[in-house]
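First, the structure itself, so that you have it in front of you.
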Amino acid sequence: MSVNTYDGRVQDLLQTMLLIRAYEERAAALQAESGVPGTCTSVGQEASAVGVVAALGADDLILTNHRSAGHLLARGADPGRLLAEVMGRRAGYCKGKSGSLHISAKELGVILTSTIVGGELALATGVGLSQKMLKRPGVVVCFFGDGAACEGRFHESLNLAAVWQLPILYVCENNQWQAFVHRRETMLGDSIASWATPYGIDSATVDGNDVEQVRALATEALDSIRASGRPFLLETRTYRLRGHFEPDDQAYVDPDELAAWRARDPLPRLQARLLESGQLDARALSAMESDAQRRIDAAVAFAIDSPYPAIDELVTDVYA
Amino acid sequence: MAHMTVQEAIDQALAEEMARDPSVLLLGEGVATKRRALVDAFGAERVRNTPLAEGIIAGTAVGAAATGLRPVIDLLFAPFLCYAMDELVNSAGKLRYLSGGQFSFPLVTMAMTGAGWGVGAQHNHNVEAWFAHAPGLKVVMPASVADFKGLLKAAIRDQNPVLFFIDIGLAYTSGDIPDGEHLVPLGQAVVRRPGEAVTLISYAKTVAVCEQAAQTLAGQGISAEVIDLRTLKPLDEASILASVRKTGRAVIVHEASRSGGIGAEVAATIGEHAYDALKAPVLRLAGPDAPAPASYPLEQAFVPQPDAVVAAVKRLLG
Amino acid sequence: MSVNTYDGRVQDLLQTMLLIRAYEERAAALQAESGVPGTCTSVGQEASAVGVVAALGADDLILTNHRSAGHLLARGADPGRLLAEVMGRRAGYCKGKSGSLHISAKELGVILTSTIVGGELALATGVGLSQKMLKRPGVVVCFFGDGAACEGRFHESLNLAAVWQLPILYVCENNQWQAFVHRRETMLGDSIASWATPYGIDSATVDGNDVEQVRALATEALDSIRASGRPFLLETRTYRLRGHFEPDDQAYVDPDELAAWRARDPLPRLQARLLESGQLDARALSAMESDAQRRIDAAVAFAIDSPYPAIDELVTDVYA
Amino acid sequence: MAHMTVQEAIDQALAEEMARDPSVLLLGEGVATKRRALVDAFGAERVRNTPLAEGIIAGTAVGAAATGLRPVIDLLFAPFLCYAMDELVNSAGKLRYLSGGQFSFPLVTMAMTGAGWGVGAQHNHNVEAWFAHAPGLKVVMPASVADFKGLLKAAIRDQNPVLFFIDIGLAYTSGDIPDGEHLVPLGQAVVRRPGEAVTLISYAKTVAVCEQAAQTLAGQGISAEVIDLRTLKPLDEASILASVRKTGRAVIVHEASRSGGIGAEVAATIGEHAYDALKAPVLRLAGPDAPAPASYPLEQAFVPQPDAVVAAVKRLLG
């Protein structure tokens, strides 16, 4: 079983965040330089992904959206197989059929990456129902964006999960953007967490760029779900530091907003805190960084070496 | 042999499969109210009324199917499938493929459709052809009470998502069902009446229309073979082609609108693969390219009638 | 223009409620006795329909759902043409093509009866947008049920109306049932009005079986919409006293619940109040009742006499 | 003649129609961001970014169309239409009929689809045939830059709901557009290349595949006529039949899955109405009944290629 679980060490969180950042930036560079298919990177959102996933147990299950590389890597995905999938290679998690946008990895308990915005919300209730009816211990974590919260499925999913008391942790990664539309153009308020209240679902909001806070709140939320059997909504306030999909020059983004959030980039923030508190020294950090880069170098080499699927794979796996 | 209505046949199929396999469960708006006996037999956990929200009913079924349950969902009337298209098409139909075969989606979606109740176009729209044009799905639409039972049981056991359409006009008809375990495999058409001069191909309510037409034609010395497709995807091309190769003539009859209906696929398949055997053009008799009206005489006129089938056959033979 | 508008007279409200009750009961009787197509009657909900419609001006527009006869009649629909439509006759509002489930009446400003539950919510924003962009004065009233509130379109519609500031009065006729499912099986709370809060939409709840209270609150809500240009959600608490669709023996309904609500039937309640306060005497009431019956008798005669559409109407009106 | 990309042609069509008719407006996720020039020209009221909710975007358009506006909505990618099926099919397509003609629904729904970007099956699914099988709708899918402009303008002026599909593979190609008012009427196919021995019938990206095949065939002394359908509903049956009556042979080519695709309707129509003129079976070359894969070589293999068209024609002539 290659699922990552985390003990208390904050250094492990940093290590994972560094890996994700290195992966995402390399994926973007490969797109720009070598015409590798573009991806929706999670640069800037690493703390949200790692903080939540680090709170999970091995039995918990994940559904996520198009911006899923961070969730997958935090859960223990092999960056080589991930990149192979992005490149449509046979060694990818889905034999190259998915590409970056629909990656699932059964061995990691990642049931779904939905690129239909809202698809993760629609299926999460079913996975929750399986957990409940088959008396399996794991909680279902459903990552979705502030954009997905505008889809009707948000309403339908949360209401059903509340009525049927399904063990689901909804995690809204509110990164202020919905592709080329700012969140403010799509809702009057600023809180998506509060949208849970009418359904009778408890919720909380957390600084999504602070991995320790995210992990603390996610742990609390998971505990409450395990104890009560009821769903919970956690909103992580964060920001999409690169564009929506590579390439994207973000010409439409207010530079002041972007600058303000760059100043809150979760990686330097965590690094500075750990360096200051003495939990990390410069040498260890640089070793971690090189380690991440090495793993990504190896991943790229693996993915590029991996063959494309044979043409007859075009029509396999359609029916069981 | 037991005599029962289609509703009873469906209940029986559900009860047998739920008894056989504890992972089968039934979800939908009112299923627990309307199929009370199933609640009594299998408990409220496995027969669940839902909020009024087709999208999440279907989504729940897809997620549950991927993770060990075997849901049957009742979405009531076919036009309501429009609220669940994403879950049925983009998730249930595609995610097995997109996952490289990691997950399967054994689930059955039931819906009624067709003329007979005068409920109009937001309850009555024969959209089975849409799902035949969506990869990864299977589509079933029975014509006989026995097939309602046998196909539903097979659909529940299938490892793939199956759309199970119930023709409103048949929903309360009755008929005989063989005793014991009665399974009808998906993907197999059946010859309802053998014949030599022409093949009448249909499914659901209009199978009976073809049978009536065949009867009339027999009285006039014309021998018509009637094929009930039963499964619309995968289509039983072999049975269709074998019959048409024998008769050399085909008329396809269904209630769904003509343009882009199942009849188009059947006609195109015949035209491509039985070309040499054809003695006449392949004709389609189908509903008009119009929404289904509520008004009784208009609704009746929507459905192809036996005399039109007879006339079409005579045109082919004339 | 045959749109009904109402001045302050409560007797007019009673008269309209009597007409609706007489119409609905006759429709049910015709179904039972003569095989006329079944309908979703609004028996028990007359106060909600009449109270809201009586608050409207001639310019206001209506979208409604499958249980729309009360809204139509309150707005001034001819019961003969309504019944003709139910029976699929040429003289019906929609030439018999709709039947009871999709009746619109442009001349009354009734844009839509949606029998797709949620359709009225989906289209209302568009009608509101037209009113706003074309600078027309009328408010858009969208009647929907507690069941429709569970559809994702509720969420999408209210959120968009809030963000775009559309002049829409959402009226949730919460009659405790959603076909064969009790409302309590579909949501944890009891208040649909409170579901509006997260979107930034004001709301109110009213005793839906008290026509004067409904009218008062609807008038306030409409005033606020006209003043602010913003949507409002009014929840009318009421009950479906007959079944979902004729025929329906309601065997699944808790008899105590039904009895409790029968005791709050809006018609006897209003009659008693008016008789007590002297706003009505028994003779006047009985005259009103016979008048309603007479109108319905005439309507039945008209509808039955009306021919079916010609068969070639099957394919007309599909395209413009 | 002006040379421009498809995106520019769409912008130009929108700008011209918005200038001509103040009731035209554009709604969608990101339309105001991506078509900034239209915001500048016509104001933020008429070019509106929306929340991420396809159902209400479409519903808003339908309600607005019924009451005096003329909306164009951009739903981005065809699979996302699944979230708007109810509004498009049950409301836009049916309510004119169900209202007995009281209301009309002039609105255009744009969506991209097709192979070329490796985005996989939740972005790439050619579902145009669904809408051809839904009453009250029109369906357009252009192949040339000039047609993108001319058909979009005509679609905006049409009194009915029109689905306007943009083949991803063409979205950034460029070509010439006639100067001045350039309208292409809906419902008219066009002969892209005249020929005598076989008719190649296609639309969207695979029109070019047919043209390439025709070129190759010409080099081998075989004269192929290429028809670009342009509008898929209403289908220009007269043009199709005229050509096939002349050539006696037809191959239909599209990228959408074979089973139940537009090709089925075209083949069935030919088989019924040009039977006497046929010298060979009508063939279909289409995408497989599989979701669209992301992997580059698989995605390429999804699309019918010129050599397959050439081979099919030779089979017919051989």
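Every chain is named by a letter (A, B, C and D) in the order it is written, and numbering of its residues begins at 1.
As a convention for this text, contacts are C-beta pairs under 8 Å (C-beta built on N, C-alpha and C of every residue); 3 or more make two chains touch, one makes a residue touch a chain.
Note that the structure is predicted; figures quoted are calculated from it, not measured.
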item	value
Chain separated most widely from chain D, comparing mean CA positions	C
Between chain A and chain C, centroid-to-centroid distance (C-alpha), Å	46
Geometric centre distance via CA averages, chain D-chain B, whole Å	29
Whole-Å separation of chain centres (CA-atom averages), chain A against chain B	41
Centre-of-Cα separation between chain D and chain A, whole angstrom	36
Residues of chain D whose C-beta touches two or more other chains	50-51, 53, 55-56, 79, 82-83, 86, 90, 94, 97-98, 120-122, 135-136, 289-291, 293
Two or more partner chains touched - positions in chain C	96-98, 102, 114, 116, 118-119, 150-153, 156, 159, 163, 185-187, 318
Pairwise touch network: line, ring, star, complete, or other	complete
Partner chain B, residues of chain A touching it in the complex	61, 63, 92-98, 102, 104-106, 111-112, 114, 116, 118-119, 121-131, 133-134, 152-153, 156-157, 159-160, 163-164, 316-320
Contacting residues of chain D [partner chain B, same complex]	79, 82-83, 85-86, 89-90, 93-94, 97-98, 120-122, 125, 127, 129-130, 132-136, 233, 235, 256-257, 259-265, 267-268, 270-273, 275, 278, 280-284, 289-291, 293
Complex interface listing, chain B residues touching chain C	29-30, 33-34, 49-56, 79-80, 82-83, 117-123, 288-291, 293-299, 301-302
In the complex, chain C residues that touch chain B	37, 88-89, 96-102, 114-119, 147-148, 150-152, 178-181, 185-187, 252, 308-309, 311, 313-315, 318
Contact footprint of chain C on chain A as seen in their complex	150-156, 159, 162-163, 185-189, 191, 194-195, 197-200
